[in-house]
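Here the structure comes first, spelled out in structure tokens, and everything after it is commentary.
Every chain is named by a letter (A, B and C) in the order it is written, and numbering of its residues begins at 1.
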Amino acid sequence: MKLRKIAERLGCELVGDGEIEISGVAGIEEAGADRLTFVANPKYAALAKTTSAGAILVEPDFPALERTSTLRIKNPYLAFARAIELFYNAPHHKPGIHPTAVVPNSTTIGEGAHVGAYVVIGDDVAIGRDAVLLPHVVIYDGARIGDRFFAHAHAVVREHCVLGDDVVLQNGAVIGADGFGFAKDGKNWRKIVQAGRAVLGNDVEVQANACVDRASVGETVVKDGAKVDNLVQVGHGSTVGERTLLCAQVGLAGSTVIGKDVILAGQVGVAGHLTVGDGAIATAQTGIPNDVAAGSVVSGYPAVENKQWLRQVVVVNKLPEIVKELRTAIKELRNEE
Amino acid sequence: MKLRKIAERLGCELVGDGEIEISGVAGIEEAGADRLTFVANPKYAALAKTTSAGAILVEPDFPALERTSTLRIKNPYLAFARAIELFYNAPHHKPGIHPTAVVPNSTTIGEGAHVGAYVVIGDDVAIGRDAVLLPHVVIYDGARIGDRFFAHAHAVVREHCVLGDDVVLQNGAVIGADGFGFAKDGKNWRKIVQAGRAVLGNDVEVQANACVDRASVGETVVKDGAKVDNLVQVGHGSTVGERTLLCAQVGLAGSTVIGKDVILAGQVGVAGHLTVGDGAIATAQTGIPNDVAAGSVVSGYPAVENKQWLRQVVVVNKLPEIVKELRTAIKELRNEE
Amino acid sequence: MKLRKIAERLGCELVGDGEIEISGVAGIEEAGADRLTFVANPKYAALAKTTSAGAILVEPDFPALERTSTLRIKNPYLAFARAIELFYNAPHHKPGIHPTAVVPNSTTIGEGAHVGAYVVIGDDVAIGRDAVLLPHVVIYDGARIGDRFFAHAHAVVREHCVLGDDVVLQNGAVIGADGFGFAKDGKNWRKIVQAGRAVLGNDVEVQANACVDRASVGETVVKDGAKVDNLVQVGHGSTVGERTLLCAQVGLAGSTVIGKDVILAGQVGVAGHLTVGDGAIATAQTGIPNDVAAGSVVSGYPAVENKQWLRQVVVVNKLPEIVKELRTAIKELRNEE
């Protein structure tokens, strides 16, 4: 595809040679002369001068490049995402129900569904239009699922869970397994029946081997547009707000409320029965034992405001030397008396 | 169900109107007039005055409430767990072996078993009475499993593992996968055959996508009544004591011995070849590199006694200011000389 | 097997009675008189005097034992690994394709393959000789897999991924699920098509429920001889070097480069877009936000050089007392003026 045509499709300003033939996209370090790449992270800006790429997506005020054509647009990362789609040959799943799929009469599936080999669907399930269920997906009784559902091999939706439209489950994702609820009964633990359900909004994606537990009573909720990365644990009775990102291996204990537009980076842990406000960010591995204010950025274990944490880290990293310095000074003062 | 009848069933003292009709249970913030709720966590005690619930399970000495009936009992949380069961309509799995299940003649399954679609059982497996194996469960050769086994879709029990009675596996749980054992052989890693097995006692539950590895030699053991939450790693050759709780994303390295009645909160990590004593508690994200004494409460990375950790955290959180204060004081003392 | 014969097979010097009959291997605390055990970890050296084992694998200069025969060799741990194999009765998977396996004509599988029940293989897949695919394994379209592939039940290889020879996938391992890539589009997240793939080299093992994501563009790479433990997350576009060990629950964010012969212990987290040099070691739970130099040993959150961290920990653990001591000293100096 000519670079000029790509610029048109993406709505970019073209600076350089529009006649270059581009045959794909690539990272800035791997890109060859027929590839389009991008610079969004300032860390990679210097590479723009040395890349072999045929063209680069950059912000409008990016410095001019001598050797390489640029496509200029306000959000080059988003434009790159769209450029990938221009060249992507998506797997095709043609409508039809594989003869080995178990689909009882009490279940309804909308038009256009692809149901793969060995899929098992329970009783009284409703699934909307244009669903793709790849091999070995299991949907338990009574689940309610919207349109354009895409479930990769080995994904599971448990009984009576509710999923909106455009939900994507990657491989091994488990929606609605029992929460970890046990009450002390004498010296033993009695299982608390997990009688509630898990509810995912529209446009929610849950990635590989992640778990969103059902509630004991009521609901565990993941709201519209939220994204849940691999191996994340969403504990029973928790709520995850609109467009919130839970990065890989994040863990939410039970009954915790995460606001909208929150970002919890990898391996963050959040204790139960607390609230993380809208737009808050927690950096990787943060341990959150208390409520977090909306809009704040937190770090550390236990979590404090990120700027405070950074200052603490500087001091802690020199602490043995600082203590020695202070003790020496005091000793000298004593001797001088 | 009349509140009076619920009080009788649960063995509670009824204070208020026993004629109220209760149709279910709910959390204190969501409960409507026909719902029973509970207060066990003091954090929620104030909500008892404002809840719309029809009735509340509380401790015997809970203050009287003007507007709401109470059911009084020593352990309201346990009573609530039992109340959920009163209203819960459990999924029913009728006995029978699905025609697609692979069950060789060399395998024995007790009476009353429900074996779902596409279950695969290996040779020489023995499973007790009243088992429920949901679709896609795989049991490898030679496994020995007790009565009332309940395995959710996609759970796996590997070769020669031994499970007691009343074991529950949630979706994607893996019992007895190979431990992470490699010996340096020149510059490469040689796999150490994982020739041992994993052994779960009675009344053990392993939740979604959690892993209990088999031992290299000998056994990995999870004892009676222990509960293992989602995405937990129990490393090869480890022992988990009776009634111990491993919360979500806990990781135990190899050959570690966790005592009985221990609670490891979410994301706790325990190094290999050490002992955590009976009744110990580790708060969330604690990193345990050394033995932990029975009955102690530990926190921090690396773990120290919880009270010590709390005092450290207070100081570390003010550390930049404290260091400044001390340096300033020393400077003033010097100038005053 | 006579101890003398075992010594010959393993290439050890025999000290003691070669006529003892050994019928298996065991850990040093469990071993009975007919078992061979080993001492590699100095922590267990004292147990060599009290063990009931028939014989012990030790290093050549290990002190002589009065009661127990020893087999002496430079790497007793490796010798023990080989001894396990002498006594191990490996499960046998005879060649053949189960009638329920879905194997399209467009797929090629080399000689000697065992393909279990309900395995589903996509179109245009190529798998080498002597593969073992246990029940419910799913291989998506276009995957390329080398010889002696061993995939446990419920393992998944996604579309167009490439695996070398001698790759082992434990249960529930997912190779090539979509990376966690979303670009802000107004207030919503737009999914970035994950058009790249995941590539595993030769002799790579990925253990239970671990995830190696596919790249958005280009490749996620795990090189020859690397080993990935349970519940590990390898983020999209990352590279894991030759013979590197990622222990349980390690998480790598995207586009991170881990060198060769690296060891990341359990629950270590590594941020995106950075480099961990060859031979580096990170102790358990370390949080790595910046590049790590080759050969270094790091610890802490955020990571610092291990020796520095150990010194910091000593001071932090006494910090309340140290601050009190310093404040008291300053107060005394002030009063003395």
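Details
By definition in this document, a residue touches a chain if its C-beta (ideal position, glycine included) is under 8 Å from a C-beta of that chain, and two chains touch if they have at least 3 such contacts.
Not measured: the values here are computed from a predicted model.
A complete topology is adopted by the chain contact network, contact being made between every pair of chains. The angle of the rotation carrying chain A onto chain B, fitted on C-alpha atoms and rounded to the nearest 5, is 120°. Two copies of one chain, chain B and chain C, form a contact in which under half of the residue numbers belong to both partners.
Chain centres here are Cα averages; for chain B and chain C they lie 25 Å apart.
For chain B, residues that reach two or more other chains under the stated contact definition are 100, 118, 136, 154, 172, 209, 231, 249, 267, 301, 316, 319, 326, 330, 333. Across the complex, chain B meets chain A through its residues 24-27, 30, 41, 43, 75, 77-78, 80-82, 84-85, 87-88, 90-91, 100, 116-118, 134-136, 152-154, 168, 170-172, 203, 205, 207-209, 225, 227, 229-231, 243, 245, 247-249, 261, 265-267, 284-285, 301, 313, 316-317, 319-320, 323, 326-327, 330, 333-334, 337.
Per the touch definition, chain B reaches chain C in the complex via residues 100, 102, 118, 120, 136, 138, 140-141, 154, 156, 158-159, 172, 174, 177-178, 180-185, 187-193, 195, 209, 211, 213, 216-218, 231, 233, 235, 237, 249, 251, 253, 255, 267, 269, 271, 273, 287, 289, 301-302, 304, 308, 311-312, 314-316, 319, 322, 326, 329-330, 333, 336.
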